[in-house]
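Each chain carries a letter (A, B, C, D, E and F) given by its place in the written order, and its residues are counted from 1.
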Amino acid sequence: MKNKGDTLFFFTRKNKSQLKLQKPKNLNSNSNSQPQTNLRTQIIKAAEPNLKAGKDIVVNRGLYVGRFQPFHIGHLDAIKYALENVDELVVVIGSAQYSHNRNDPFTAGERLMMVHNALLEADVDFLKVWIVPVPDVHLHMLWVSAVEGYTPKFNVVFSNEPLTRRLFMEAGYVVKNLPLFDRKLYTSTHVREKMIQDGSWSELVPKSVAKFIDQIDGVNRVRDLARTDKVT
Amino acid sequence: MKNKGDTLFFFTRKNKSQLKLQKPKNLNSNSNSQPQTNLRTQIIKAAEPNLKAGKDIVVNRGLYVGRFQPFHIGHLDAIKYALENVDELVVVIGSAQYSHNRNDPFTAGERLMMVHNALLEADVDFLKVWIVPVPDVHLHMLWVSAVEGYTPKFNVVFSNEPLTRRLFMEAGYVVKNLPLFDRKLYTSTHVREKMIQDGSWSELVPKSVAKFIDQIDGVNRVRDLARTDKVT
Amino acid sequence: MKNKGDTLFFFTRKNKSQLKLQKPKNLNSNSNSQPQTNLRTQIIKAAEPNLKAGKDIVVNRGLYVGRFQPFHIGHLDAIKYALENVDELVVVIGSAQYSHNRNDPFTAGERLMMVHNALLEADVDFLKVWIVPVPDVHLHMLWVSAVEGYTPKFNVVFSNEPLTRRLFMEAGYVVKNLPLFDRKLYTSTHVREKMIQDGSWSELVPKSVAKFIDQIDGVNRVRDLARTDKVT
Amino acid sequence: MKNKGDTLFFFTRKNKSQLKLQKPKNLNSNSNSQPQTNLRTQIIKAAEPNLKAGKDIVVNRGLYVGRFQPFHIGHLDAIKYALENVDELVVVIGSAQYSHNRNDPFTAGERLMMVHNALLEADVDFLKVWIVPVPDVHLHMLWVSAVEGYTPKFNVVFSNEPLTRRLFMEAGYVVKNLPLFDRKLYTSTHVREKMIQDGSWSELVPKSVAKFIDQIDGVNRVRDLARTDKVT
Amino acid sequence: MKNKGDTLFFFTRKNKSQLKLQKPKNLNSNSNSQPQTNLRTQIIKAAEPNLKAGKDIVVNRGLYVGRFQPFHIGHLDAIKYALENVDELVVVIGSAQYSHNRNDPFTAGERLMMVHNALLEADVDFLKVWIVPVPDVHLHMLWVSAVEGYTPKFNVVFSNEPLTRRLFMEAGYVVKNLPLFDRKLYTSTHVREKMIQDGSWSELVPKSVAKFIDQIDGVNRVRDLARTDKVT
Amino acid sequence: MKNKGDTLFFFTRKNKSQLKLQKPKNLNSNSNSQPQTNLRTQIIKAAEPNLKAGKDIVVNRGLYVGRFQPFHIGHLDAIKYALENVDELVVVIGSAQYSHNRNDPFTAGERLMMVHNALLEADVDFLKVWIVPVPDVHLHMLWVSAVEGYTPKFNVVFSNEPLTRRLFMEAGYVVKNLPLFDRKLYTSTHVREKMIQDGSWSELVPKSVAKFIDQIDGVNRVRDLARTDKVT
């Protein structure tokens, strides 16, 4: 089931003591998607009186997907930007089942640590953030449904990635662009290349991420994986 | 992407020489689903002038899912009923990858033959029918998307099966009940039990299906599978 | 179970009112495969008197496998050629589970529409054609068995593709070459490249396929997929 | 790589402003497992001076696995108990890929909401809790490695479940029992049965979970799934 | 590719110093399968002069499939019987990927040890035996091909199991019955039940198998698995 | 469960008539791994008196992994070297499920024949060798556990491959280098290239392997696979 412009009624983590009914932020959408009335909306509407009495609030929840191999400053900027536009953000750690590959060196658990530490370090209010590892299904026609199954409901997707944008648009979601960052510097591929060449990779990632990668001997792992004959 | 009440513009197989714009049949829906405007609708609307000029017609297309292990007279009645309510019907052969199991003795190819032969025998206009094998994904949250990926677009689902009904309703589809048939007689389980007990199974299935099962030595296969220790 | 030179006794779709026992067309095989007598042959032989009484006919059925990403004029020519040599043809839509990939942009359902529309447009007697989506198993040692499980029985394979030819030959099938078409023009890769470059792709595919691709906004999908960072 | 009795050096979420080196709590283990020195220990030891300088602290992290179909008061009690014995707890939402089954009605995303809401409601310091959905691998010999790959490092497992206990014990982990709760009342199976029979299920789960299940029309879903013929 | 009655030309392990061309033993088949000439036969025939010059010998190789959970005296008797009828025997350890399940407690590696130790203990000439773990594919239509892909070529199958017999017969193999043993005593299910009930299980298995199970604490594993709530 | 420096008590195949307690060979390890005491060690220690009475011996067992596409002289040299350092060697045929691919032309069964024939030809005491096909799991975080599940217990790994070394080191195993052979000549890739170019490939593999490849028409298969458009 898809949620487009409508609102979602759940406990928010933001400030439990001040629960109240809020209007969703104006999304200033760059999509033409219009309101719809579907089963879920009807269920939510039927529950509305109870919800109001229970002081539940309306949440605008966004989605941001990354592989974070590793998490870098560009990812952090994207999360900060998205959080200015929604109440809560679901950060999906994509391709969660992969690790120890040339292009996917770190496990989902290690990437969970990276995202978490970086948000703490940056004083991002991570109570507004859900961090959820989601394994790939390799059938793209199923991918949106898979993400929906692993995550809290969301109603806007932040992405510049052409395939991600297309799949969520075809499924009827509002999809918004992220402001452009210096793509050359801030890609995970670039960070891994610097690691292999012994360059100054650590300035491309948050300090807490650099420290974590050191702790788990991550640079040597990336280098070993770059030398292997084994393809994934 | 989901299609609820809107129309679909494709070549129909029904009568190629008389293509014209048709109004969809009134579905007399037992769902509360209301019209929506989503991306696909917009695409189709943008293409509408061209489509009209090209003499394409509007098709109401239904979906009917079965495992057909084997195909019996109840299945045939259901297909006939559905075809009275839509222009075309997609008949999905479910659990397509399974065969040689106690509850799934026949291959997708064999079941394709059964459906096909039964429709020919019954003088059903099978030009209105699409027969499509679809393998199971065992994650129910992905199943509707998987069916959508394997089939022509449809806008109404015919089913009495509680899980099928729920999954398509949660995905926003119009779901209609089938009239009740004598469930005790016309279930595939009952037919297989009769086969094992050497009872009069053949009167429960169309004649052409009975003949086909004889040709492929199907009753002996069903009996062997009933005696096996191997679970699926 | 493999069928090599022997005949298959099923209902044919060709002309239901004139069912009679036919001799299979001479396949003029380019394989050295010789007749064999196996279990299936014995079953069929035992059933023969009944079959004759039932006016069933003998069917020579061919197999043709393609991904059809998208379906182009070369595919149509191949199907026409094959149909001159067999009574019926099973057209397998291969890699059926994939879509929204750079090299596999269209879903099985969309490709089913393409093949169907193209056969209607070309006045090919599609009553002689079975269109069957078959998902890939990535273990080539299992692929022939998987195709056999999803399809009506066939006894000759049409292919120029070296792997397809080898797998079916090793499994004992008669494998026949298709006449050479202008490979440079008529490959799906070439059509997709033309789509990305905004070239004149539509003349490479049947008109009904071009129109269908327009309806589903297919060119923009192909372009988005060409720009993605995501590998399959 | 397995961690048994040794300590883990990461940022803790507990109190970011007071980072200091802590001694792990005495686990009062009911296992005979003894200290070992392996590669990870050596890496961590080599990094220790840096870590101390960086004011990182030592974390005792536990693991607790449940399917939470749905989350009930027994689960909450188990989490509270475990948190008295460790600094942080990883709560794994098991069988994450399943939903809409008779025994697994809710998606991972819905269960994530349940756990989250229940912890907030109970004033559990959920900053000490990591909630991580982990899909099943059906090869039990791989399951411990899969859990390790999806989660932050942990060094003690809380479980009464015989298979979970055995798998983690064979892998060398400290495994501790949970105090016995009234098993008859507090099992997810019992809650689902009450839902189907229209009994007083809601008193078996935290209030916020009951409300959430109402919002998503969960009881009707559970009832539909109980009536289906479809096996998983 | 299937092998029915024809012979196979490979090195035999039996007696390397006395390689010579042998006639295959008369299989005294209880199948009606008749000789066929297929591609493999042609390849082998073409290679025959070289083979003869190289002193290769003709090998009749049988197949015997079991799960061996655990290996018991009935399995040993079956292997001994089969070896009286063929030159070599491929012993397939089926469902190789499973372990730590109620009905599949032991890993493929542990079962490999059991078979190996039992053959050594029984003075079976295990140089005539190939022990090959083969993982299940759950699509029975693919299973014969999967077994063929994992094993040396074989030309006769020994089995009383109805599904195994049917699948190999449909694929054209000679399938032979094994003499009946006391089924009540000698089934793996019975041995596991005795283990759980603390009965005298060890007399049902070869001594070396009993000792091995003791070494790996197997009885406690079987008991833990019997108490688990987790289904496979 | 991991085994590092400790010993394993099983029947050895080496010389059944002279079973006695042996000290493991000094592995002269290039790892810093130190002894540990884990559950398995305790089990084994508890069983020790029985084992001694039963005249079991201590086995140092190594692991060597290859795809053997095809088996060449470098593989043989590696096996010979490893056998000088351990009592027994487990030779894993990796990527066992693949065949008929450009880089994986041969089935597991065919590769089993190659390894076996080559060891016989080279007068390697193959009674010291376990040859075990192991299918790939594509999640590297699970791979060590998968290998452990398919094989007899081993306590040292021989490999120069960076990924294999890293995965087993992270899992706590002793990993030893193999002496360097002429890598340019003795790689399977090089052998397959020579096959395609009609070069002198046969001198790169043992004679019995060359003969076997001829028997199964392997060179033509490799050439067909090199010409295919199909990617794996």
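We adopt the following convention: a residue touches a chain if its C-beta (ideal position, glycine included) is under 8 Å from a C-beta of that chain, and two chains touch if they have at least 3 such contacts.
Just so it is clear, the model here is predicted, and its values are computed rather than measured.
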Chains touching both chain C and chain F: A, E
Angle of the C-alpha superposing rotation, chain D to chain E, to the nearest 5 degrees: 120
Interchain centroid distance [CA atoms averaged], chain A/chain B, Å: 38
Distance from chain F to chain E - Cα centre to Cα centre, in angstrom: 22
Whole-Å gap separating chain B and chain F, where each centre is the average of the chain's CA atoms: 50
Contacts with 2+ other chains: residues of chain E: 97, 99, 107, 139, 141, 148-149
Touching pairs among all chains present in the structure: A-B, A-C, A-D, A-F, B-C, B-D, B-E, C-E, C-F, D-E, D-F, E-F
Touching residues (chain side chain D, partner chain B) in the complex: 97-101, 107, 221, 224-225, 227-230, 232
Touching residues (chain side chain B, partner chain C) in the complex: 9-11, 13, 16, 43-44, 47, 50-51, 54, 56, 96-97, 99, 107-109, 112-113, 116-117, 120-121, 130, 132-133, 135, 148-153, 208, 211-212, 214-217
Parts of chain A lying in touch with chain C, wherever the complex brings them together: 138-141, 161-167
Touching residues on chain B, where the partner in the complex is chain A: 1-2, 4, 32-34, 36-40, 42, 137, 139, 141-142, 144-146, 148-149, 169-172
